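Labels run A, B and C following the written order; every chain starts at residue 1.
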Amino acid sequence: MPETINFIVKDKSFEKFAMMMLLGTTADAMETKTNFFFTFWGLNLLVKKFKPKVAGMPFPMKGMGAKIFGKRMAKFGIEDPWGMIKEAVENGNLKLYPCQMTMDLMGIKKEDLYDFIEEPVGAATFLEMSEGGRIVSL
Amino acid sequence: MPETINFIVKDKSFEKFAMMMLLGTTADAMETKTNFFFTFWGLNLLVKKFKPKVAGMPFPMKGMGAKIFGKRMAKFGIEDPWGMIKEAVENGNLKLYPCQMTMDLMGIKKEDLYDFIEEPVGAATFLEMSEGGRIVSL
Amino acid sequence: MPETINFIVKDKSFEKFAMMMLLGTTADAMETKTNFFFTFWGLNLLVKKFKPKVAGMPFPMKGMGAKIFGKRMAKFGIEDPWGMIKEAVENGNLKLYPCQMTMDLMGIKKEDLYDFIEEPVGAATFLEMSEGGRIVSL
(Lines give C-alpha, C1' and ligand atoms only; values in the text may rest on other atoms or scores of the structure.)
Protein backbone atom coordinates (compact mmCIF):
# COMPACT_ATOMS: atom_id res chain seq x y z
CA MET A 1 0.00 0.00 0.00
CA PRO A 2 1.42 3.38 -0.94
CA GLU A 3 1.80 6.00 1.77
CA THR A 4 -0.82 8.65 2.42
CA ILE A 5 -0.48 11.93 0.51
CA ASN A 6 -1.17 15.05 2.57
CA PHE A 7 -2.18 18.07 0.52
CA ILE A 8 -2.27 21.69 1.65
CA VAL A 9 -4.92 23.79 -0.15
CA LYS A 10 -4.31 27.51 0.38
CA ASP A 11 -6.15 29.20 -2.50
CA LYS A 12 -9.83 29.42 -3.30
CA SER A 13 -9.62 29.33 -7.09
CA PHE A 14 -11.56 27.01 -9.34
CA GLU A 15 -8.23 25.57 -10.49
CA LYS A 16 -7.34 24.50 -6.96
CA PHE A 17 -10.80 23.06 -6.45
CA ALA A 18 -10.49 21.05 -9.67
CA MET A 19 -7.02 19.77 -8.75
CA MET A 20 -8.22 18.74 -5.30
CA MET A 21 -11.24 16.99 -6.76
CA LEU A 22 -9.30 15.19 -9.50
CA LEU A 23 -6.40 14.11 -7.26
CA GLY A 24 -8.65 13.08 -4.37
CA THR A 25 -11.10 11.05 -6.44
CA THR A 26 -8.39 9.51 -8.64
CA ALA A 27 -6.46 8.45 -5.54
CA ASP A 28 -9.69 7.01 -4.12
CA ALA A 29 -10.16 4.92 -7.27
CA MET A 30 -6.58 3.62 -6.76
CA GLU A 31 -7.26 2.91 -3.05
CA THR A 32 -4.63 5.52 -2.12
CA LYS A 33 -5.41 7.58 0.97
CA THR A 34 -5.26 11.37 0.81
CA ASN A 35 -5.71 14.09 3.43
CA PHE A 36 -6.46 17.66 2.37
CA PHE A 37 -5.77 20.47 4.81
CA PHE A 38 -7.64 23.68 3.86
CA THR A 39 -5.95 26.81 5.17
CA PHE A 40 -6.12 30.57 4.49
CA TRP A 41 -8.28 31.33 1.44
CA GLY A 42 -8.38 27.61 0.65
CA LEU A 43 -10.86 27.12 3.49
CA ASN A 44 -13.49 28.89 1.36
CA LEU A 45 -13.61 25.83 -0.89
CA LEU A 46 -15.27 23.91 1.96
CA VAL A 47 -17.97 26.57 2.47
CA LYS A 48 -21.27 25.29 1.09
CA LYS A 49 -22.33 28.65 -0.40
CA PHE A 50 -18.95 29.43 -1.99
CA LYS A 51 -18.55 29.45 -5.80
CA PRO A 52 -14.89 29.30 -6.89
CA LYS A 53 -13.72 31.51 -9.78
CA VAL A 54 -11.04 30.84 -12.36
CA ALA A 55 -7.88 32.65 -11.18
CA GLY A 56 -5.94 32.28 -14.41
CA MET A 57 -8.39 34.21 -16.61
CA PRO A 58 -8.65 37.97 -17.11
CA PHE A 59 -10.97 39.80 -14.70
CA PRO A 60 -14.33 39.78 -16.50
CA MET A 61 -14.01 36.04 -17.23
CA LYS A 62 -13.17 34.80 -13.74
CA GLY A 63 -16.73 33.94 -12.72
CA MET A 64 -17.89 32.76 -16.15
CA GLY A 65 -14.72 30.69 -16.53
CA ALA A 66 -15.80 28.30 -13.79
CA LYS A 67 -19.08 27.65 -15.63
CA ILE A 68 -17.27 27.05 -18.92
CA PHE A 69 -14.81 24.63 -17.33
CA GLY A 70 -17.63 22.99 -15.41
CA LYS A 71 -19.49 22.28 -18.65
CA ARG A 72 -16.39 20.95 -20.39
CA MET A 73 -15.59 18.72 -17.43
CA ALA A 74 -19.14 17.36 -17.51
CA LYS A 75 -18.35 16.02 -20.99
CA PHE A 76 -15.54 13.98 -19.38
CA GLY A 77 -18.04 12.40 -16.99
CA ILE A 78 -17.49 14.86 -14.15
CA GLU A 79 -21.05 16.08 -13.73
CA ASP A 80 -21.28 16.26 -9.95
CA PRO A 81 -17.82 17.07 -8.53
CA TRP A 82 -18.94 17.40 -4.88
CA GLY A 83 -20.92 14.17 -5.19
CA MET A 84 -17.72 12.42 -6.33
CA ILE A 85 -15.78 13.96 -3.46
CA LYS A 86 -18.42 12.85 -0.96
CA GLU A 87 -18.27 9.31 -2.32
CA ALA A 88 -14.48 9.22 -1.89
CA VAL A 89 -14.92 10.46 1.68
CA GLU A 90 -17.50 7.73 2.36
CA ASN A 91 -15.10 5.14 0.90
CA GLY A 92 -12.71 6.15 3.69
CA ASN A 93 -9.89 7.19 1.34
CA LEU A 94 -10.31 10.96 1.23
CA LYS A 95 -10.34 13.23 4.26
CA LEU A 96 -10.97 16.98 4.20
CA TYR A 97 -9.65 18.97 7.19
CA PRO A 98 -10.48 22.64 7.83
CA CYS A 99 -7.70 24.64 9.51
CA GLN A 100 -8.83 25.64 13.01
CA MET A 101 -6.88 28.91 13.09
CA THR A 102 -8.25 30.02 9.72
CA MET A 103 -11.80 29.37 10.92
CA ASP A 104 -11.14 31.55 13.97
CA LEU A 105 -9.32 34.27 11.97
CA MET A 106 -12.02 34.51 9.31
CA GLY A 107 -15.04 33.85 11.50
CA ILE A 108 -16.13 30.78 9.55
CA LYS A 109 -18.27 28.32 11.50
CA LYS A 110 -18.58 24.54 11.30
CA GLU A 111 -22.18 24.84 10.07
CA ASP A 112 -21.04 26.92 7.07
CA LEU A 113 -19.03 23.93 5.82
CA TYR A 114 -20.04 20.75 3.99
CA ASP A 115 -21.14 18.12 6.48
CA PHE A 116 -18.88 15.28 5.30
CA ILE A 117 -15.65 16.99 6.37
CA GLU A 118 -13.51 16.17 9.42
CA GLU A 119 -13.16 18.16 12.64
CA PRO A 120 -10.93 21.26 12.35
CA VAL A 121 -7.23 20.74 13.10
CA GLY A 122 -4.24 23.02 13.64
CA ALA A 123 -0.81 23.08 11.99
CA ALA A 124 0.69 20.81 14.68
CA THR A 125 -1.93 18.10 14.08
CA PHE A 126 -1.43 18.38 10.32
CA LEU A 127 2.35 17.94 10.69
CA GLU A 128 1.85 14.95 13.00
CA MET A 129 -0.69 13.40 10.66
CA SER A 130 1.69 13.69 7.73
CA GLU A 131 4.69 12.10 9.43
CA GLY A 132 6.04 9.30 7.29
CA GLY A 133 3.87 10.41 4.38
CA ARG A 134 4.22 12.95 1.63
CA ILE A 135 3.22 16.61 1.87
CA VAL A 136 2.17 18.49 -1.25
CA SER A 137 1.20 22.16 -1.15
CA LEU A 138 -1.15 22.69 -4.11
CA MET B 1 20.73 6.89 -5.84
CA PRO B 2 18.17 9.41 -4.56
CA GLU B 3 14.54 8.85 -5.40
CA THR B 4 12.82 10.50 -8.35
CA ILE B 5 11.22 13.89 -7.73
CA ASN B 6 7.82 14.37 -9.37
CA PHE B 7 6.87 17.99 -9.96
CA ILE B 8 3.42 19.35 -10.80
CA VAL B 9 3.52 22.54 -12.91
CA LYS B 10 0.14 24.28 -12.89
CA ASP B 11 0.93 27.91 -13.86
CA LYS B 12 2.24 29.41 -17.07
CA SER B 13 4.34 32.21 -15.60
CA PHE B 14 7.96 32.90 -16.44
CA GLU B 15 8.79 32.22 -12.79
CA LYS B 16 7.42 28.69 -12.99
CA PHE B 17 9.23 28.11 -16.27
CA ALA B 18 12.51 29.29 -14.70
CA MET B 19 12.02 27.09 -11.62
CA MET B 20 11.26 24.08 -13.77
CA MET B 21 14.31 24.73 -15.95
CA LEU B 22 16.68 25.34 -13.02
CA LEU B 23 15.47 22.38 -10.95
CA GLY B 24 15.31 19.99 -13.91
CA THR B 25 18.74 20.82 -15.32
CA THR B 26 20.40 21.02 -11.88
CA ALA B 27 18.95 17.61 -10.98
CA ASP B 28 20.22 16.29 -14.34
CA ALA B 29 23.74 17.51 -13.51
CA MET B 30 23.47 15.59 -10.21
CA GLU B 31 22.16 12.46 -11.98
CA THR B 32 18.86 12.83 -10.11
CA LYS B 33 15.75 11.87 -12.06
CA THR B 34 12.83 14.29 -12.26
CA ASN B 35 9.37 14.03 -13.82
CA PHE B 36 7.38 17.17 -14.54
CA PHE B 37 3.62 16.90 -15.00
CA PHE B 38 2.15 19.96 -16.76
CA THR B 39 -1.50 20.53 -15.96
CA PHE B 40 -4.03 23.39 -16.26
CA TRP B 41 -2.33 26.62 -17.35
CA GLY B 42 1.07 24.99 -16.81
CA LEU B 43 0.56 23.01 -20.02
CA ASN B 44 1.09 26.25 -21.97
CA LEU B 45 4.78 26.12 -21.03
CA LEU B 46 5.17 23.09 -23.32
CA VAL B 47 3.54 24.86 -26.30
CA LYS B 48 6.25 25.81 -28.81
CA LYS B 49 4.73 29.21 -29.68
CA PHE B 50 4.06 30.23 -26.06
CA LYS B 51 6.03 33.08 -24.42
CA PRO B 52 5.72 33.10 -20.61
CA LYS B 53 5.26 36.41 -18.80
CA VAL B 54 6.45 37.43 -15.34
CA ALA B 55 3.49 36.99 -12.97
CA GLY B 56 5.05 38.85 -10.04
CA MET B 57 5.44 42.21 -11.80
CA PRO B 58 2.84 44.95 -12.25
CA PHE B 59 0.74 44.69 -15.40
CA PRO B 60 2.70 46.75 -17.96
CA MET B 61 5.95 44.95 -17.06
CA LYS B 62 4.72 41.36 -17.30
CA GLY B 63 5.83 40.78 -20.90
CA MET B 64 8.97 42.90 -20.73
CA GLY B 65 9.92 41.27 -17.42
CA ALA B 66 10.58 37.94 -19.08
CA LYS B 67 13.03 39.61 -21.48
CA ILE B 68 14.81 41.40 -18.65
CA PHE B 69 15.15 38.19 -16.60
CA GLY B 70 16.15 36.29 -19.74
CA LYS B 71 19.04 38.69 -20.32
CA ARG B 72 20.17 38.58 -16.70
CA MET B 73 20.05 34.80 -16.70
CA ALA B 74 22.16 34.74 -19.87
CA LYS B 75 24.92 36.42 -17.84
CA PHE B 76 24.83 33.38 -15.53
CA GLY B 77 25.45 31.10 -18.50
CA ILE B 78 21.79 30.31 -19.17
CA GLU B 79 21.59 31.46 -22.77
CA ASP B 80 19.43 28.73 -24.25
CA PRO B 81 17.03 27.43 -21.56
CA TRP B 82 15.08 25.08 -23.84
CA GLY B 83 18.36 23.73 -25.27
CA MET B 84 19.46 22.89 -21.72
CA ILE B 85 16.11 21.25 -21.00
CA LYS B 86 16.33 19.19 -24.19
CA GLU B 87 19.83 18.03 -23.22
CA ALA B 88 18.59 16.89 -19.79
CA VAL B 89 15.76 15.01 -21.52
CA GLU B 90 18.25 13.34 -23.89
CA ASN B 91 20.42 12.37 -20.89
CA GLY B 92 17.41 10.39 -19.66
CA ASN B 93 17.11 12.25 -16.35
CA LEU B 94 14.33 14.73 -17.10
CA LYS B 95 10.88 13.80 -18.36
CA LEU B 96 8.15 16.28 -19.31
CA TYR B 97 4.58 14.94 -19.27
CA PRO B 98 1.58 16.86 -20.62
CA CYS B 99 -1.71 16.24 -18.79
CA GLN B 100 -4.11 14.41 -21.12
CA MET B 101 -7.26 15.94 -19.66
CA THR B 102 -5.88 19.48 -19.94
CA MET B 103 -5.05 18.88 -23.62
CA ASP B 104 -8.62 17.75 -24.22
CA LEU B 105 -10.17 20.57 -22.13
CA MET B 106 -8.14 23.30 -23.82
CA GLY B 107 -7.99 21.84 -27.33
CA ILE B 108 -4.18 21.67 -27.36
CA LYS B 109 -2.73 19.10 -29.77
CA LYS B 110 0.44 17.00 -29.59
CA GLU B 111 1.89 18.85 -32.59
CA ASP B 112 1.60 22.20 -30.75
CA LEU B 113 4.08 20.92 -28.14
CA TYR B 114 7.87 20.56 -28.15
CA ASP B 115 8.86 17.28 -29.75
CA PHE B 116 11.09 15.98 -26.93
CA ILE B 117 8.27 15.58 -24.43
CA GLU B 118 6.62 12.31 -23.33
CA GLU B 119 3.19 10.98 -24.29
CA PRO B 120 0.29 12.66 -22.42
CA VAL B 121 -0.76 11.00 -19.15
CA GLY B 122 -3.69 11.37 -16.75
CA ALA B 123 -3.79 11.99 -13.02
CA ALA B 124 -3.91 8.24 -12.24
CA THR B 125 -0.72 7.57 -14.22
CA PHE B 126 1.00 10.50 -12.55
CA LEU B 127 0.07 9.21 -9.08
CA GLU B 128 1.28 5.70 -10.00
CA MET B 129 4.52 7.05 -11.45
CA SER B 130 5.24 9.00 -8.28
CA GLU B 131 4.70 6.10 -5.86
CA GLY B 132 7.72 5.78 -3.60
CA GLY B 133 9.06 9.14 -4.77
CA ARG B 134 8.48 12.70 -3.82
CA ILE B 135 5.75 14.97 -5.19
CA VAL B 136 6.30 18.73 -5.36
CA SER B 137 3.64 21.10 -6.67
CA LEU B 138 5.53 24.16 -7.95
CA MET C 1 12.70 11.45 14.81
CA PRO C 2 10.75 12.50 11.72
CA GLU C 3 12.70 13.52 8.65
CA THR C 4 13.51 17.13 7.81
CA ILE C 5 10.95 19.04 5.76
CA ASN C 6 12.43 21.27 3.06
CA PHE C 7 10.18 24.13 1.99
CA ILE C 8 10.54 26.30 -1.10
CA VAL C 9 9.17 29.85 -0.65
CA LYS C 10 8.75 31.59 -4.00
CA ASP C 11 6.23 34.36 -3.31
CA LYS C 12 6.46 37.47 -1.19
CA SER C 13 2.86 37.64 0.01
CA PHE C 14 1.77 37.98 3.61
CA GLU C 15 0.04 34.61 3.25
CA LYS C 16 3.33 32.87 2.41
CA PHE C 17 5.07 34.67 5.23
CA ALA C 18 2.37 33.52 7.67
CA MET C 19 2.51 29.92 6.43
CA MET C 20 6.29 29.89 6.75
CA MET C 21 6.12 31.33 10.25
CA LEU C 22 3.36 28.98 11.43
CA LEU C 23 4.88 25.82 9.93
CA GLY C 24 8.44 26.66 11.00
CA THR C 25 7.58 27.57 14.60
CA THR C 26 5.07 24.72 15.01
CA ALA C 27 7.65 22.24 13.72
CA ASP C 28 10.18 23.75 16.14
CA ALA C 29 7.78 23.15 19.05
CA MET C 30 7.53 19.51 17.89
CA GLU C 31 11.33 19.23 17.57
CA THR C 32 10.95 18.68 13.83
CA LYS C 33 13.64 20.23 11.66
CA THR C 34 12.69 22.43 8.73
CA ASN C 35 14.72 24.17 6.02
CA PHE C 36 13.21 27.05 4.07
CA PHE C 37 14.73 27.98 0.72
CA PHE C 38 13.72 31.49 -0.39
CA THR C 39 13.85 31.96 -4.13
CA PHE C 40 12.51 34.46 -6.69
CA TRP C 41 10.08 36.93 -5.08
CA GLY C 42 10.13 34.83 -1.92
CA LEU C 43 13.59 36.18 -1.12
CA ASN C 44 11.97 39.53 -0.31
CA LEU C 45 10.51 37.99 2.84
CA LEU C 46 14.05 37.82 4.28
CA VAL C 47 14.74 41.52 3.56
CA LYS C 48 14.62 43.47 6.84
CA LYS C 49 12.85 46.50 5.33
CA PHE C 50 10.25 44.48 3.42
CA LYS C 51 6.56 44.59 4.41
CA PRO C 52 4.55 41.74 2.86
CA LYS C 53 1.07 42.46 1.49
CA VAL C 54 -1.98 40.20 1.37
CA ALA C 55 -2.11 38.72 -2.15
CA GLY C 56 -5.62 37.30 -1.87
CA MET C 57 -7.40 40.61 -1.27
CA PRO C 58 -8.56 43.18 -3.84
CA PHE C 59 -6.01 45.85 -4.73
CA PRO C 60 -6.75 48.68 -2.27
CA MET C 61 -6.75 46.21 0.65
CA LYS C 62 -3.47 44.45 -0.04
CA GLY C 63 -1.36 46.61 2.27
CA MET C 64 -4.00 47.15 4.93
CA GLY C 65 -4.82 43.43 4.89
CA ALA C 66 -1.47 42.55 6.41
CA LYS C 67 -2.15 44.91 9.32
CA ILE C 68 -5.63 43.47 9.87
CA PHE C 69 -4.33 39.89 9.84
CA GLY C 70 -1.41 40.90 12.01
CA LYS C 71 -3.78 42.26 14.65
CA ARG C 72 -6.02 39.21 14.54
CA MET C 73 -3.01 36.90 14.82
CA ALA C 74 -1.81 38.87 17.86
CA LYS C 75 -5.02 37.79 19.59
CA PHE C 76 -3.89 34.18 19.07
CA GLY C 77 -0.63 34.93 20.86
CA ILE C 78 1.39 35.70 17.73
CA GLU C 79 2.53 39.20 18.61
CA ASP C 80 6.10 39.12 17.36
CA PRO C 81 6.31 36.74 14.38
CA TRP C 82 9.97 37.44 13.55
CA GLY C 83 10.89 37.05 17.21
CA MET C 84 9.28 33.60 17.16
CA ILE C 85 11.11 32.72 13.96
CA LYS C 86 14.42 33.85 15.44
CA GLU C 87 13.82 31.71 18.52
CA ALA C 88 13.17 28.64 16.35
CA VAL C 89 16.40 29.38 14.46
CA GLU C 90 18.31 29.66 17.75
CA ASN C 91 16.80 26.35 18.89
CA GLY C 92 18.54 24.79 15.90
CA ASN C 93 15.34 23.46 14.31
CA LEU C 94 14.58 26.10 11.69
CA LYS C 95 16.98 27.20 8.97
CA LEU C 96 16.33 29.99 6.46
CA TYR C 97 18.36 29.86 3.24
CA PRO C 98 18.45 32.67 0.68
CA CYS C 99 18.84 31.54 -2.96
CA GLN C 100 22.24 32.69 -4.23
CA MET C 101 21.13 33.15 -7.83
CA THR C 102 18.12 35.25 -6.83
CA MET C 103 20.38 37.52 -4.77
CA ASP C 104 22.60 38.01 -7.81
CA LEU C 105 19.68 38.45 -10.25
CA MET C 106 17.89 40.99 -8.06
CA GLY C 107 20.92 42.75 -6.61
CA ILE C 108 20.00 41.92 -3.01
CA LYS C 109 22.95 41.90 -0.60
CA LYS C 110 23.61 39.84 2.54
CA GLU C 111 23.40 43.00 4.71
CA ASP C 112 19.83 43.67 3.47
CA LEU C 113 18.72 40.41 5.07
CA TYR C 114 17.94 39.43 8.68
CA ASP C 115 21.11 38.43 10.45
CA PHE C 116 19.94 35.06 11.77
CA ILE C 117 19.67 33.46 8.33
CA GLU C 118 22.09 30.96 6.77
CA GLU C 119 24.62 31.56 4.00
CA PRO C 120 23.10 31.73 0.50
CA VAL C 121 22.89 28.43 -1.40
CA GLY C 122 22.10 27.41 -4.98
CA ALA C 123 19.57 24.94 -6.38
CA ALA C 124 22.12 22.09 -6.35
CA THR C 125 22.85 22.55 -2.64
CA PHE C 126 19.13 22.71 -1.90
CA LEU C 127 18.50 19.46 -3.77
CA GLU C 128 21.42 17.77 -1.97
CA MET C 129 20.25 19.05 1.41
CA SER C 130 16.77 17.67 0.83
CA GLU C 131 17.85 14.16 -0.17
CA GLY C 132 16.02 11.62 1.94
CA GLY C 133 13.67 14.32 3.24
CA ARG C 134 10.50 15.88 2.02
CA ILE C 135 10.24 18.87 -0.33
CA VAL C 136 7.22 21.16 -0.15
CA SER C 137 6.83 24.16 -2.44
CA LEU C 138 4.63 26.63 -0.60
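Assume a residue touches a chain if its C-beta (ideal position, glycine included) is under 8 Å from a C-beta of that chain, and two chains touch if they have at least 3 such contacts.
These numbers come from a predicted model, not from an experiment.
Participant: Any idea if chain B and chain C meet via the same residues, over half in common, or different ones?
Facilitator: different
Participant: Quick check for you: after a Cα superposition of chain A on chain C, what is the rotation angle, between 0 and 180°, in steps of 5?
Facilitator: Roughly 120 degrees of rotation.
Participant: Could you please state the distance in Å, as a whole number, between where the Cα atoms of chain B are centred and where those of chain C are centred?
Facilitator: 25
Participant: What are the residue numbers in chain B that touch two or more other chains?
Facilitator: 134, 136-137
Participant: In the complex of these two chains, what residues of chain A are touching chain B?
Facilitator: Residues 2, 5, 15, 18-19, 22-23, 26-27, 29-30, 32, 56, 69, 72-73, 76, 134, 136-138.
Participant: Can you list the residues on chain B that touch chain A in the complex?
Facilitator: 8, 10-12, 39-41, 101, 104-105, 122-124, 127-128, 131-132, 134-137
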